[in-house]
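Scrolling down, you'll hit the structures one after another.
Shared between the two complexes below is subunit A, which has subunit B as its partner in the first and subunit C in the second.
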Partner chain A sequence: MKIKPFYIAPAIIFVAVIVGLYIGLGLNPKETAFPLYDQSPPEFSLPALVEGQPDLTTADLMTGQVTVVNFFASWCAPCRVEHPYLLQLAEIDGLKMIGIDYRDTRETAIAYLQQAGNPFDLIGNDANARVGIEWGLAGVPETFIISADGKVKLRIQGPLNEPIMKRQVLPLLEELIP
Partner chain B sequence: MKWLLPVLILVIALPVMASGVDENVLADPAKEAEARAIMEDLRCLVCQNQSIDDSNADMAADLRAVVRERVLAGDNAPQIYDYMVARYGDWILMRPPVNESTWVLWLMPAILIVLGLLVISVFLRRGRAQAQTVTPLSAQEEADLETVIGKDHRG
Partner chain C sequence: MAGRGPRVIAEIGHFALIMALVVAVVQSVPPLWGAWQRNTTMMGLAAPAACLQLVMLGTAFLCLMIAYIGSDFSVINVMMNSHTQKPLLYKISGVWGNHEGSILLWALILSFFGAAVALFGRNLPTTFKVRVLSVQALIGVGFISFSLFTSNPFLRINPVPLEGLGLNPLLQDPGLAFHPPMLYLGYVGFSIAFSFAIAALLEGRVDAIWARWVRPWTLAAWCFLTAGIALGSWWAYYELGWGGWWFWDPVENASLMPWLAGTALLHSAIVVERRETLKSWTVLLAIITFSLSLLGTFIVRSGVLNSVHAFASDPARGIYILAFLTLVVGGSLILFAARASALKPGGVFAAVSREGGLVWNNLFLAAATGTVLFGTLFPMFADAFGYKVTVAAPYFNAVFIPLMTPLIIVMAIAPFMAWKRGNIMQVLRRMWPAGVSVVVAIVLCLTWLETTSPMALMGVALGVWVLVAVLVELAGRVDLFRTSVGASARRAVGLPGSAWGMSFAHAGIGLVVLGITASVSWEREVITMMQPGETRSLGGYEMTLTSVTPGNGPNYSYIRGVFEVREEGQFITQLTPEIRTFTDPPTQTTEAAIYPLVTGDIYAVISNAGPNAKPGLWAVRLYHKPLISWMWAGALLMVVGGMFSLADRRLRLGVAARAQRRRRREQEATA
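Let's turn to the complex of A and B:
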């Protein structure tokens, strides 16, 4: 007997729905869109965390050096969890480390970095989170990697951890830093 | 029992206050109303399915401040939506826009109705085709039938 396509259609639709749902299960609904990908970082200017030092501006992220931009806060627990990985990144030659202190006060942030160790070359103070919004930030910590030609190549939402370092951050840095 | 009514009114009125509270609202009530309407259409990213107007999250308060600033600067609603989408993607809009990644979602009800109508029409046509294939009895069959049930019983 010849099977009519009409009869197997429900089975095909069923399988398609199951495959679609299975793919959906693997997606993270908390991960938001990343319109900055392969774009220049947004224009901004922030006062330095330590008073008296020059402002942090977009130009500081586009100096021809591969740059890590990390949004952190002294009140943010996951930031403490990822801190050892930032210190590890700070050891890499030819990598510029920029910190942006998010929704935080100067005194607590400075005390935090004194206690945990400071991985950053430059630190800006985004007290009212306006620069965070420019970057499409959904919370802290978030980490961005900018290539030597000034394009945002990677964004990690949430704390850095071993698998993220091994699979995403370090391979990209190896590719970007000759 | 004089105290009962005011207390009841307060308790019943609690949900009225269930939205983000800001210190710096716009002085012009018309502008503030416009800003609030826009906030209702923007999603609070850390609360998943609340608008920034509903939410008390810090992030929602930050976004509300931006909306107020833009309204004050004379931006209209579509300009503010564009500003937000440029930074956060379409997900920040409570109503997903129709575009290349969502047209399937928006068109699905219409597609399903058309498919359903197709299935129904196929079944109806098949039923009619079967009805037409009934052929009258042959002379031999008529004779056999008569011997079995007798002529009187035929309707």
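Let's turn to the complex of A and C:
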């Protein structure tokens, strides 16, 4: 019986796919796969939350410092839940904290931060969700960690909590901050 | 509360499912052996078993449905996915709105197609039919045991909970109630083409009759799959409130890949039928199409890829489907490698001819299938090697559009070509109205719409090219303008269904291309805060938010915004988008309000501005999406085309059957 290479090729390709699928079963795609991963964050420029301060722009994320970008809103209940973890992150030396106030009004956001404590070094006001859409936000809160060379390394959808901090956020920060 | 009587129903269903497995084994192993040994008793088991399997799975499915309708929460599956307060339609659609139920539906549809072959396949050669049914049953064994051993929908819980957890409100929607069954009818329908391919490899014979048999089943499956994909896309468009309709999500790709391969199969089967060539390729396509359906099931059910479709996933199930996939696809590809050379190829043919055009179709569709498969699986492969990547719309658009463009250009030309040898110059001369229309359309875009985007211009050109070509081709067939209108009309009625089918389906593609192009290129959006009484303008329309009022639906409460839409002061319609709050499970959904016009949809979504925003202020998103309804119309036209073609096939099958009977009579006479 003569077997032509054309006839065996599908079986060989299939074996490769199956091996990949088998390995893939053991991995968790949710942990890291997101469009911005290892990319520079999308360009933006937002007015500062507190009027009179300079605008928040992409350049503020590219200062050679490890940066946390947190999307929050005063009206968002899970944001209040995660707030203590943001305050905890703000204690870390060499970590820049940036807040983006999402679909919110200036007055209420400022009042919220005054009452709950302000973990942020800089705060932008994304009132019409323009930046949120560009970053591919599913909702608030969402937290991104950006390395010193300006690449997005982690995205956490939903509120930070103890397991996420222990397993994902803090180990990554230890790795990124020398 | 469900009483004692109905409770036993779930046990009957469970028993029927176990019996279905036994019957499937009987339907597969002995007949396959019988076909090999030419043992008629063994072979005789296949057809009755196929019908019995349908009865058993039908019973199991019906029992599960009764458990849902009667809210029998002693069944875990019902408890997890239903609720007494749910409208009846969603109690019923809840049956397949979850993993366990949808696998049962898969098996049921598989047995439905098997029984259909058993009942309507009278004029198939006996061994061939038996082999088809056995292969079908082997797949059935896989799926029924998957259901019984890893995803049993009939497991009970004690003590019985008083209330169920409810169905995800996003899924409580008529569009989605019918989306999974349609999709499954498509996926599983390709199993017949697969079984025919395996039987042909076992018999070592593929001929025109084989192609004639495969095509109607493939066509039917293709129609269902097209409708299923369109329904899903339409649901995403109006229910999710994002205004998008395709996201290149792995689960969407999982349905697109069998569609692309199935479309190629439809066309290559024509070449086998007419010219007795491309045989091994067509057999391979049939295997690949169904394999992609299985792969799609694996992707959806195992959670191996990151997807917005948050189906519950379980690694044990993943391993099971993967093992099954390996056996079925691996086995059939090894069989293909060993036997394909036995399928004798027919004559060669010219690249410029009808069959040449069909080969180009296959080439582009196969390449498109490959690129979608690659893009879908690449993140997983990269992950296996330690790299984290995502493949999103930019990749797919970059590879898919360049493949579809030549496909669509050829698609318009090929129907004008003669079989065996075509004359490209002669064909292009006949197509002059399409060429002129393309130029006119581009000039209109440049001047009237002031568009210079090359993508928009190309999309419009392609859409117009196909649509006008279809019209010209039809006009040529009925001798329009060359004879009297009456004579043309008579000729039109007399045209074979397959001619109409092709025209409709190709025109459908043209409409889809125009719909996609226009809705992407000329979309207007306004994202803003509004309070009642305010007006915003949106691409020539004035949208006034007149009121925002709360109220109650059947199993949810809502906040409804009322928009009045005016064009140049003239009242057009009222739009009422809603925010719906469900209590079981506690979820909020946004219900977009859409006013579809032939020229474009006006689309409004309202959402909370946030509790701390100025009172009376609402976040609204308003879109104008030109020609987007052409996309759904195009999909519908494709399905209608498929059905026309199917109607024609039945006649042709009749012809084939008569020819076969005549042959048999002659044989009997000579014997």
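Heads up, the rule we're going with is that the second predicted complex is superposed on the first by the 145 of 178 C-alpha atoms of A that agree within 3 Å, B and C clash if a C-alpha of one lies under 4 Å from a C-alpha of the other, contacts with A are read in each partner's own complex, and residues count from 1 in each chain.
Following the convention adopted for this analysis, a residue touches a chain if its C-beta (ideal position, glycine included) is under 8 Å from a C-beta of that chain, and two chains touch if they have at least 3 such contacts.
What you see is a predicted model; the values in this text were computed from it and never measured.
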Query raised in the report: A:Y112 contacts which: subunit B (first), subunit C (second), both, neither?
Result: second
Query - First, second, both or neither for A:R103, with subunit B first and subunit C second - result: both
Requested in this report: State whether A:P35 touches subunit B only (first), subunit C only (second), both chains, or neither.
Outcome: both
Report task. Name the contact category of A:A11: first (subunit B only), second (subunit C only), both, or neither. Result -> second
Requested in this report: Figure out whether A:G132 sits in contact with subunit B (first) or subunit C (second), or with both, or with neither.
Outcome: first
Query raised in the report: More residues of subunit A in touch with subunit C or with subunit B?
Result: C
Query raised in the report: For A:V50, is the partner it touches subunit B (first), subunit C (second), both, or none of the two (neither)?
Result: neither
Requested in this report: For A:A59, decide between first (touching subunit B), second (touching subunit C), both and neither.
Outcome: neither
**Report entry** Doubly contacted subunit A residues - partners subunit C and subunit B
**Finding:** 29-30, 32-35, 103, 128-130
Query raised in the report: Hey, which residues of subunit C end up touching subunit A in the complex?
Result: 280, 284, 287-288, 291, 295, 298, 302-306, 315, 318-319, 322, 325-326, 329-330, 333-334, 336-338, 340-341, 377, 379-381, 383-384, 388-390, 392, 527-529, 608-614, 619
Requested in this report: Would you tell me which residues of subunit B are touching subunit A in their complex?
Outcome: 45-46, 48, 58-59, 62-63, 65-66, 85-92, 122
Query raised in the report: Can you list the subunit A residues touching subunit C in their complex?
Result: 1-4, 7-8, 10-11, 14-15, 17-18, 20-27, 29-30, 32-35, 37-38, 73-76, 103-105, 108, 112, 128-130
Report task. Going by the contact rule at the top, pick out the subunit A residues touching subunit B in the complex. Result -> 6, 29-30, 32-35, 103, 128-130, 132-136, 138-139
